[in-house]
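Next come the structures, one after another.
In what comes next, chain A is part of two complexes: it sits with chain B in the first one and with chain C in the second one.
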Partner chain A sequence: MWAFIIRKILYNVPVYVGVLVLVFLALRVQDPVYQYLGQEAGQEQIDQLRRSMGLDRPLPVQFGIYLREVVTFNFEAQSWNQRGTEVGEILKRSIVPSLSLTVPALVLSTVIGVFISLIAAYFRGRAPDRILMIAAVLGMSISFLVYIIFGQFFFAAVPREAGLGWWPFAVQGYEPWIVFGEGGGVYPGRWVTYCMLPVMISVIVSMGYDTRFYRAVMVEETGRDYITTAVAKGATKPKIMFVHMLKNAMIPVITRVMSTLPFVVIGSILLEMYFGIPGMGREIITAIINKDFPVIQAFVAVFALIFIASVILTDVLYAVVDPRVRLS
Partner chain B sequence: MASNLFQSRSWGKFTRNRFAVVSLGVILAYLLVAVASFVGVITLEDTQVRVLPDRTRGFLESSDLDKRSRDAQWFVERTSLRVQRAELAPESYERLMSELALRERRVADVPLERMAELIERAESQLDDLYDALDDRDEVLDEILFIDLELRRLGDSAEDAALASEMRSEREALLARVSDVDAAAETRIAAVEATILEIHPYPGGLGGLWYGVRTFLGSDAQGRSISMKAFYSIRIAFQVGLVVAVVCVIIGTVLGAAAGFFGGWVDYFVMYLVSVLSSIPTLVLLGVLVYMFFGHPLFDNPAERPGLALVPVYCAMCLTFWVSTCRVIRGEVMKIKNLEYVQAATSIGFGRVYILFKHVIPNTAHLMFINLSLLFIGAIKSEVILSFLGLGVKGQPSWGVMISQAKDDISVMFFWEVVTASVLMFGLVLAFNILSDALQDAFDPKHVS
Partner chain C sequence: MGQRSEQNRANRTGAEGPVLSVRRLTTRFRTDRGIVTAVDDVSFDVAPGETLGIVGESGCGKTVTSKSIMRLLPDHVASYGDESEVIYRGNNLLRASESEMRKVRGDGIAMIFQEPMTSLNPVFTVGWQLNEALKYHTKLRARERRARIIEMLKLVDMPNPEKRIDEYPHQLSGGMRQRVMIAIALCCEPDVLIADEPTTALDVTIQAQILDLMNELKSRLNTAIILITHDLGVVAQVCDRVQVMYAGRVIESASAREVFHNPRHPYTRGLLDSIPKQGGKQKGARLPAIGGIVPSLWELPPGCRFQERCRYKQQKCVDVEPDLVTDPDGHARRCHFPLGTSAKLTVGASS
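And now, the complex of A and B:
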């Protein structure tokens, strides 16, 4: 098993280096300093900013600096747009809000998606299945933006405006699970108020894609020999579905969950932008819009690292669930 | 290759799917609008010129009194300003009036004296309207005040007499509401009639065009929502087609080469695929768009709106070929062990010849499916990028429309958002159904 894990990690090291080279070069196609400061900037200002990021040194040296930052995970360059803040600081404070959005969304959408797909597979070809699948295609065709804009308006802005004081969802903002008070006290944060609506929107958006995939998996499983055996020995249909089949369908489900991670990240970027949640997605998009070079460079590296880690984790989980994988 | 495809059994299966044929028809209808825009029936200028007052509602939804009076005021003010100027310098009268034209809807062709008369009448009618509106506001304010007082008094017993007195007063005021409303209504109708005299609706073909421009209302700057939405169809097709075709070509060639030759070609291609898919799509798109920021050629929407799309094309083409490449590689690895490839090899054909002549044509069905899937992906990404301000610039697109209109929502004006989303929904739904049908017909074993 360890050999398998190490092999996976070793395979992904050159991939990660490739990502870093790609990002490194893409960000230097045009002069980042000039991009940020615009045409009116004085030469002195340009030179100063260029020196502060080491952009006046030769490219290999610059790449060395970048590599060192990533390997030691010590991003001490200062953000250009948020003066006086280190990139590492921004990174640290934005990870938790992102996770508090994506993790519940991922868990909820998987559980609900598998459940609905089981229902669809159970009624395969009959009315409930048809209706669910039509709903899935319709849901897939609606733009993410529509869900966000109208979700926020009708489920947060309108009720708040109407003076429903007890209404649970806020229009914008963020608070973590746990708030540390000034006197050392610990209070439960208003996570539900700020994050529940974005999480629900995220779940609804991914529902269409998820149920279609899981249903296809389930339908494929129904043709297997072990199902025939279970039917022959007289197991009831619900038992076959929820006990025999669900366990075996777990392999593609795990792969799917892991491979939807980038989608969840994308989704959370839009949600974070719109609901004012100070997460990583919001930081990187605002950094790109503001041409905040140090932040872009560091954040893309971290995003890719998280992604590659999740890919390795998928493979390992896969190998744990299905021992055949280890041998190949 | 294509003619074989249309004679195959799978193609028959595809055309027997009614939904698929309908969705194909829908896509063709969209394509027609896109072509209309390409040949110049709908121009960029149409989407940038004012046709109505700000945020006018579309068909079947009437505006409320406040909005109508604001519009009337807007019409009268902009006309009277120019009439005053024309009275000082009569020779510029024609030019000033032509400035007022809202596309086909021009100012009535009357001499200056008549126009001044009309404007005077409209202004006095407007004053009457303001009086009526003031009365109405007074009544409504009083009702609001009584409501607040009643709430303050609550159920306390000692003020019961006072409360009941207030309630009866409120009833009386409520009865007056319909009167003041009717008064305001007649006066606004009078102003609108005068405005129509100044600014008549065009007849004939021009009237039809003006109707097309205005039937979905106008955005926050009075521009035609329908024209913006139709122009966006062209942008969507441009982005969708360019990205889908380029990605399918790159993905097929690289994927087929990787699957067919194996060895270091395979390693190299799969390495590229791994690298590109290790960055979340939207982040990668953002970084690639960043490469073009501020470029005098490609980020200059005011002068070169066509070239301003190049960053979007490049970013998506570099990002999206990966999925096609994976699928084609898998298929080619299966195909290369089939008998006809062995036969071709034993005849003595070259490897590259076999690849292009025998292997790639047999992945045509996958290419079609991926074309359709990539089209959807490109449109959706374009909308999201444009919404974030990283995509289309200098011309309308559904994402730009939604992002421009998101402030309209808080004032309950939905026409722009809904138009953009409904049009986009229709196209994406049609393509979704089409991809499903293609998949069912040509690649039935596939687990989506």
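And now, the complex of A and C:
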């Protein structure tokens, strides 16, 4: 198994370097300094900014610096927009808020989605299945923004206005619920206040898509021969669904989860903007709007790393659930 | 197992009635084109240690018969006739609750399927899949179950069972997978084993091995076997009695010897003639085949269902559907004009 994991990682190293080269070149097609400073900037100002980023040096050297930053995960360059702040600092403070949204949202939507789809497949063609599938289509037809606005209004603003002091959800804002360093600690209450509502919205939004997809997977599995064998052995229906079928259905489920990862990240950008959560999504949007070249360059590298890591994780999980993958 | 198996052994020593009785089994399917009767008024008994062959071409209802016994057909499409009964241990399985059925499945009646390549769950080990059946039907502890699994794998001639127990189905060949299926089916010592085309997907040498194995296990465990097949060669090798089905109905039923040497239904005759015989025919001669195709179950002709393909068709065959008539010698056939001489029949009756 370890050999398998190491092999997968080694395969993906050249892929990642390739992505970095592309990102590196794409960001230099137009001069980032002009982009940032605009036409009125003086030559001296331009030269100074260019020198401070090392953009006056030959491309291979620049790439070497970029690579070193990525490999050591030490982004020393300063943000252009947030003067005096290192890019690494921005990254560090925004990563936890982002993961506080995406990880619970992804886990919950997958678990709930698979569970609902099993129920639908169990009652295939009958009332519970029909009702769930109609609900799924309905859920899919409504825009993400509607969920956010309605959620904020009815589940945060209205109860707060009504003077329910104990009401846990805030309309907007963020306080770190995991504090590092001295005097730090974990404050789950803060997570509930600031992250739970956006997580719930994110889960509800993906529910329609997830259940429809997983139901199709489950229905396909119900027709397999091994299911008949299990019935003929005297297995109970829950055993068949939650043991026999579920483990076979894990491959498409994993594929699905990993392929929705980009959308979860993009989706959480919206959530971060609307709920005022200082996550990576909000940072990168701010950076793009302000043409904050050092931040963009670093964040894109980190996003790419997350995606490649998820691809590797997908392959490893395949091997865990399906013995046939391990051999090939 | 414990108590029940004691009881079994006691039962098996005494010569007593059938272990499984199928009475007037009629299975209907709801389809988009309306209701179709896949199995029509089928009755038979199997005694302990006996092998009954159910023979017929594709779509004649043999698999549906076997799945009806185990109630493996989906409830929302399949229904059974009001008079239909599958009597096992005094219970009508067709009216049994789902939890009663679970106790019967795998324990009292077990089944082997046609496709060993897909019948095992690909993501669990061989041992896990055997263990599952033992867990449901015995009170053995984990270590005892493992010992029993290895013993079962040895019984089905699985090479290197201590190693194979932890392997996955994709690591086994088709023949070995079918051995695992047989081991699963037999691990709780069922009274009845239903084998639905167990050798169809296997190559000929493996076929012979699997059949030998089933024969041997039958005599060792005194299991009743219902063997479903379209292969008359297989029937000749293992069956005591044979029931030939055509378009959902039983058309001939007799001992295997009788069916092979003295078939009375033209369809059975046709099936036997179409088996290639060594040195039987001149070189280049065409193998005789039964002309025509099986009638669609939606558009069954009035009268005999075989009429359109029958060489001996008379007006009566078009007008009246023949009943399944049991001749004095116990040979049953559904034909107005059975083959074989009437003289033979009288001899059979008087003896």
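Keep in mind that, in the parts below, the second predicted complex is superposed on the first by the 310 of 328 C-alpha atoms of A that agree within 3 Å, B and C clash if a C-alpha of one lies under 4 Å from a C-alpha of the other, contacts with A are read in each partner's own complex, and residues count from 1 in each chain.
Note that a contact is a pair of C-beta atoms (placed from the backbone, for glycine too) under 8 Å apart; a residue touches a chain by one contact, two chains touch by 3 or more.
Small disclaimer: the values here were computed from a predicted structure and weren't measured.
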Partners on chain A (chain B, chain C) - clash or fit: fit
Touched partner set for A:Glu220, first chain B, second chain C, both or neither: first
Which of chain B and chain C A:Ile308 touches, first, second, both or neither: first
Touched partner set for A:Val321, first chain B, second chain C, both or neither: second
Spatial angle chain C-chain A-chain B, Cα centroids [nearest 10 degrees]: 100
Touched partner set for A:Ala232, first chain B, second chain C, both or neither: second
Per-residue contact with chain A, leading partner among chain C and chain B: B
Partner chain(s) touched by A:Met200 [first = chain B, second = chain C, both, neither]: neither
Superposition-derived minimum Cα distance between chain C and chain B (Å): 15
Chain B and chain C contact sites that coincide on chain A, given as residue numbers: none
Residues on chain B engaged by chain A in the complex (per definition of touch): 271-272, 274-283, 286-295, 380, 383-384, 387-390, 398-399, 402, 406, 409-410, 417, 421, 424-425, 428-429, 432-433, 436, 447-448
Contacting residues of chain A [partner chain B, same complex]: 12, 14-16, 18-19, 22-23, 26-27, 29-30, 34-35, 38, 137-138, 140-146, 149, 153, 157, 212-213, 216-217, 220, 252, 262, 265-266, 269-270, 273, 284-285, 288-289, 291, 296, 299-300, 303-304, 307-308, 311
Touching residues (chain side chain A, partner chain C) in the complex: 125-126, 224-226, 228-236, 244, 247-248, 250, 321-324, 327
Of all residues in chain C, those that touch chain A in their complex: 70, 72, 76, 102-107, 110-111, 113, 115, 118-124, 132-133, 136-137, 168, 170, 181, 184
